[in-house]
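Here subunit A shows up in two complexes: once beside subunit B, once beside subunit C.
== the complex of A and B ==
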């Protein structure tokens, strides 16, 4: 069980252009958190610090009490798995099997252990029939599933996804909503960076809103839904669904269906 | 274009070279000037191939087996070329960074008009106009590759707008945009269409933003047009036939509770509060 603490972090790529300013937040273990904010608000920069790809220029980040600045990227990677936007661009193996096995083998799994993992995750992610295929021959949705499978293969406790819904269809979206639920049930933490408010509502129990490099809101999703001004302060607009949830909560609806938001229950389908 | 058609496709089938399965199969489609056509469907269904055909990238840049006839703005696509079509059809790709190359945003946007050999003042005017419509005035001197994904998308769109095309083909234009930018984009597209009198074909998964402004919606499934109707009727068809679509929340709540809401019998209301009463009443039952 890993938790992430961000303590008063500043970051700039070049002096004078501050990307993050005084960011403090906590990702509790076993939680699902969405990081939302306008384009260019610093979301991707922030998560690149969670596994030590970038270091704060001030302040510190602790993963399970280990400071990212004094811990190797490989040690952090065991705890924190990051799935970047357009992850298919980073495929390099000739087969799906090798692509999935690469991470575990680098983390010290034996060949036999890696085989077990490959079989396990490829079954879970519907990739079992493609183990000998070239990753680049997969469809868009299959590529994304492979990229998640390759990270989950070595068993990180925190899974971070950067804009996971971009360019993908409804079926994949449902798959992600279901996957987040399963990962939480296994006690893992999920952090989604997304500008897709409806997706965040359906996957998260906690939210962080960033605007121009600063955290403008941090807390439980239910409380965010109750305070529409938080969206304005983050320079975000409400969606039909977020406004509806706000109206329902202010009219006394039970909070149970809102952390995360269960659309089918609101539609009376569940 | 004597018949007023901007796009006319007759029995179009296309298979990419080396692919056993056709990407497009017996497509028949007429689009009139001024239409706003929303195109949706699952990943891999052929939406992008349709866009590539309309812009001439199929068959000129993507070799394969094309049959049927395609006419776009009076050009026979198979006999024409990408250069000629690009002057009339503006195409924004799904991955905007693939169409950005200059050292500054401003230069990138100017590239199209420069290639049309327009007078200098006209180029400057168009660049200013495109950057202001897309909200990129402050980024004009920055290298496009340093921009965030959302700003890159806007830069790609600005580059296309500067060409003042008669037909805009946009492949998931809002997929990287934040909520405010995406809403602004829809407003901007509406304004743009009236200013340029442009026809728009927009491929999208975020139907919530577009289904009330488009006049027509196509659902593509396995390379064929499964539905071609006004957006509400098309969504109804998808729902009845359990087709996969990213149903807008406002549509789903309207279908479920609309009959109990005043003024929502015939079309969805945009005010979510209208549905609170019926949802809470159901919970109490």
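== the complex of A and C ==
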């Protein structure tokens, strides 16, 4: 299974406008990591480097010990599948079947192999009945499921999702949480780029906080909840629950330090 | 592949004499330079037009943007040079042809660096173009960088799905562009409807005649520039009618 190493990476789109500064981190194989930070902190730029869409201006990125600058995007894409924000914007096929088969065929699957994976993922993602439909005719949630299915179809070992929860409902959120768990059970690595701390807590065990292009904190997410200053440094807000617990502690209403992930864990701790 | 070169034509808000000129003055200057450029192959005239525009670029602090825009056109310049050399066999004339293209391209580029789409819309309206056409033009200008960004994000998304653009023969290359162009056009059409709805929802077209928030007025600097423009056209006509055309090859032979 693939492992990603980011080693002292700098990046700028235009000279003088540094987007990433000395970023170093690791995505171990089989892990679930969330990359969090406010808008403009460099999250999307960073993940575009994981499959070679962007190259560092300094430092290097290794995918399974292979430098991203030493290979092609399509080769890296086999291992690292990226699902961008608003992925339905890149639909172009006439049918859902063709849309799902597009990636596998680019990766060298034969028509018969592509048919097998199309049937497999369309069943998993509840799209089996829409295989002959036009992707543009699907509902918002179905479009999102199709976009994920069309990346998972060729079986990448690392799956990166850029702001997957933006503009979607609670049911879809539950679907994503369940999907992340299933992918982890299959031994795949999942990287979530988000500024939704609650969602990160439900899907990831590790977290990297970015602010103004630098890593301001990284480690276990539960440890992060115990460190309000880490959120401040990253220019982010804590979850409602953890800020409530910190307020209770600082006001003297409670003598115990809580770091609950959700209400049930709070009740468990209390 | 990138449409980043389109950003080279983007307006940049600076406070320079050229930026302060009335957009109608700049439009007239740009059209004049273009017309003078396309109607001459005389090296003296081409050089003069290039030098004047060079001065405009320096005074509007747009030289770096101009270089970027010309760099994006390098392929066209080489193509013009080669095609001319093949058809005429005259190296000097081919160079003049390519430089003439630079004159015309520059007249467009400094105009867009120094004129905001809104000012351009106002200028068009005040020279009698209908408000709807002026608005369409302004919106088109405004959305060029947005579409360039959209192109880039679709391009990235399709590459992340293993698409390789620019490989194989011409047919394959064109086919490989479809996964990028189809969603781009779908997005543009959708955005067009959204903008049309947003305009209507905000009362666009509710009144039969429009009032103007900002009325353009020609100032002294505009008058000076327009006078200089008249002198330039007069000198150009005099040069073309009364003086013999400049021939570099004959001059070199005499020397």
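Some points to look at:
In this section, the second predicted complex is superposed on the first by the 240 of 270 C-alpha atoms of A that agree within 3 Å, B and C clash if a C-alpha of one lies under 4 Å from a C-alpha of the other, contacts with A are read in each partner's own complex, and residues count from 1 in each chain.
Criterion: a residue touches a chain if its C-beta (ideal position, glycine included) is under 8 Å from a C-beta of that chain, and two chains touch if they have at least 3 such contacts.
If you're wondering where the values come from, they're calculated on a predicted model, not measured in any experiment.
When the two structures are aligned on the shared chain, A:154 is found in touch with subunit C, with no touch to subunit B.
When the shared chain is aligned, subunit C comes close enough to touch A:78, but subunit B does not. Applying the stated contact rule after C-alpha superposition, one finds that A:253 touches subunit B and leaves subunit C untouched. When the two complexes are overlaid on their common chain A, residue A:163 makes contact with subunit B while staying clear of subunit C. Contacts of A:140 after superposition on the shared chain: subunit B is touched, whereas subunit C is not. Residue contacts after overlaying the shared chain place A:268 against subunit B, while subunit C stays out of touching range.
Subunit A is touched at more residues by one of its partners, and among subunit B and subunit C that partner is B.
Look at A:244: by the touch rule set out above, it reaches subunit B but stays clear of subunit C.
Once the two complexes are laid over each other on the shared chain, residue contacts for A:53 go to subunit C alone; subunit B is not touched. Across the superposed pair, subunit B and subunit C touch subunit A at no common residue. Interface residues of subunit B, counted against subunit A in their complex, comprise 41-44, 94-95, 147-151, 172, 175-181, 183, 205, 208, 244-250, 252-253, 256, 270, 272-273, 275-276, 279-280, 282-283.
Only residues 37-40, 44, 85-86, 139-141, 163, 166-173, 195, 197-198, 235-241, 243-244, 247-248, 251-254, 263, 266-268 of subunit A touch subunit B when the two sit together in their complex. Of all residues in subunit C, those touching subunit A in their complex are 150, 153-154, 156-164, 178-180, 182-183, 186-187. By the touch rule above, subunit A contacts subunit C in their complex via residues 48, 51, 53, 72-74, 77-78, 81-82, 84, 87, 89-92, 102-103, 106-107, 136, 150-151, 154.
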